[in-house]
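As written, the chains take the letters A, B, C and D, and residue 1 is the first residue of each chain.
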């Protein structure tokens, strides 16, 4: 399996995980270890910055695991930049997962504020990984703005619906010059394999592992699924042609 | 059927149509007449502005039909504003369908330039109808910017795939205070009925009518489908619950 | 719209309806009248055979409406034949909708008993309309056995899921020499239009009308949707190619 | 991972494979070895029964691999029984994969002849594994007839479409007392994982491996996907509820 490189750092696992919703920090650490994940998101708001030994961070002190602070909870570019700066100081990393979602009900990302924050954070030397709608043009603009990867959603967060944005992910993957990490909506290992088979560079999975009856076993299942999907992609998949391409001439916009 | 009001104008038909891809202007006029459509998009670039009697426009001089110039072909907000101004002068209307698609291959709309152009055109007194990705947050921002409607896509333009953005359209319809017009991807009357059943306020259909073996009969079929879907919506649909809502607590973003 | 002929009888409506689940017989009659349906299923078990003026039947005494007794509730071919004979005597019709479903939970039809009953009922002079799984080979065998139509299911009964058996319906429609009536799963007018666009000869709708907040308006919506879908089919649909055909050589079974 | 038992034989791999469509027998053997498969179908018609050392069979002489002759090419129960008898003699096994498909174009299985052949072959002491449509009632009847497993199709053979019969597979899995092996339509590892996550006991994959650019790597990918899906199933999947159940009361058949 070809390793994945983001901002000069090499990853041997293409499964990124999260730290929310586990029933205990010990269980979280155990599941992450079994997932093989080398990049783990953590919400700044969940870290106690005033304590020398925060329990969450102590549990994440695992060999090979890099922390990816996220800006969860912010509603504007300005708030996001501030959160990223705080995270850099607290966690000693210039990597940031950018999440800006003004709407508390569906937690959909804001395309305009996300682009604005990306531009600013790149200027400030951050490695920016923006979570966004599966919008092909926005992905290109984030790439131009210096984002390290794009993280389009597969389905509404928490829906476990799989890749309902499939046709758009396909376009994004085809057009992107930076890694594409599918985030949100991945509820089962088969969804993760599906994304990898399509040519996604990595996936981010949190709830589906954390909320499983047995998170450790589920972490292993996801690990295998991601490797399986990647291997299949590299082995050359026969079969399902790109239906979005097949049916349409697309030579000119309609009027 | 409840009439639809956009910018103070009342529409009795919820089927908007286009003028591209017909084999002749006469056939186009016949199909539009049978569709019952009262709002018809026309690409500014296809109108000969120097001719006193442009053939396309002459054929669109139908009772009850309003023209909706579109900015098809532009790549930036600036170009879009210029195109809208030209259209206003040439076609004597301050309505404009805003289409900004920098990528010639998939014709996906640009969220950032579209918002910027909307803000500017609203200031200049236009009735702005932006064509966009099915992005719930972007729709809210366009609403706040003064757009008259939002026109999210159902599927990639020309794909005839139906409402593959269904889960996002649902959220958009639920949250919007301005009419939602589903544009692009509607390839069959059932797709149009589907959108109306979900609570969309109108649909825009072009290729599926223009490229049919019998465009006039197809126009009638779409007319009936839109009325059927709207009637069903008003009659109260039992059945398929909103699956996006059902499966997830969505109380907090994950980390 | 081309009329539909079944066993020598001509139908101008391609929407068949049912009589179950309405809140009153008066409302049922009103909805059926507005649906334009000329063929209406009625469960033998719901008719009071000992009463000269059964209330249900009195309400179904509508101009142009033909009754189609069904064998709902039977579990074997033998029971089905008996039920059909009773229905013929009670309702003075040799038409019968054959439903054999041994499982009370999902009400899935039994392919073997249905074929056996069809063979016997055809011998006894019945016009047999069997409700079955969307199984292409079974459909051919029923045709060979003398069934007047085949009625494959679109989705599990009561699921309102639309045409989840789409790929199989496509094959059935392509191969059938007798009318194909899609039954079960049609929950919204768009589903009915969808079936007609694919080339189904008719659809049967019951719950979706009966359980609507406004059954009369919903009946009208379905009437329009069926006509719309049929018109589109006759007008020649561009677009979505038969994906089942496209991806596979299918020259030989695998081993 | 819980082992799978069929007719008293224990399998540690839940991935069954086939022997068709490989570019050479050597490549086939290599791919099967890497798949970990312990049960491999072989078409009787492809074996040269008159040769002491058939090349295909020689290559299948792998440690841990059991042969599963299939009746591919037969059109009736009678032909199937004869083919099974020949296979038993030639390959020294009483296991048989029953495939009866009268239609050469879509290779859909015949439900009635398959049930008839199963009854006869069980009487004759065969371990019968019938390939069938995803028809829940037929599956129960095959179980009652003594089939060792049921092998419902996920999609038309060769379509690589994944589990388009999903809702019916779910019912079959829920109701079956014998192992359920999903056959046909599995075109990518994610499809195999999907089936296992739903609770299928095994999957059969042939073309997707044989026709891959790199069949050995693809075999490994499928091996991992099947293990991943099974592990996830055993770990307890949160999330997607059974939609077929959710939307409908299903208390009584409609009329």
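Convention: a residue touches a chain if its C-beta (ideal position, glycine included) is under 8 Å from a C-beta of that chain, and two chains touch if they have at least 3 such contacts.
Being a predicted model, the structure only gives us computed values, none of them experimental.
Novice: Compute the shortest path length in steps from subunit A to subunit D over the network of touching chains.
Specialist: The least step count works out to 1.
Novice: Where the centre means the average of the CA atoms, what chain is farthest from subunit D?
Specialist: Result for the farthest chain: B.
Novice: For subunit B superposed on subunit D via Cα atoms, how large is the rotation, as a multiple of 5°?
Specialist: So the copies are related by a turn of 180 degrees.
Novice: Averaged over CA atoms, how far is the centre of subunit B from the centre of subunit D? Could you give it in whole Å?
Specialist: The answer is 47 Å.
Novice: Provide the C-alpha centroid distance between subunit A and subunit B, rounded to the nearest whole angstrom.
Specialist: 32
Novice: On a C-alpha centroid basis, what's the spacing between subunit B and subunit C, in Å?
Specialist: Computed from C-alpha means, the inter-chain centre distance equals 36 Å.
Novice: Tell me, which residues of subunit B touch at least two other chains?
Specialist: Where subunit B meets two or more other chains at a single residue, that happens at 160-161, 207, 239-240, 243, 247.
Novice: Under the definition above, what is the set of subunit D residues touching subunit A in their complex?
Specialist: Checking each residue of subunit D against subunit A gives 160-161, 187-191, 193-194, 197, 207-208, 211-215, 217-218, 220-225, 227-229, 231-232, 234-240.
Novice: In the complex, go through subunit B and note every residue touching subunit A.
Specialist: Within the complex, subunit B contacts subunit A at residues 18-21, 41-43, 46, 70, 72-73, 99, 101-103, 105-112, 115, 133, 135-138, 140-141, 155-161, 164, 166-168, 171, 175, 206-207, 243-244, 247-250, 252-255.
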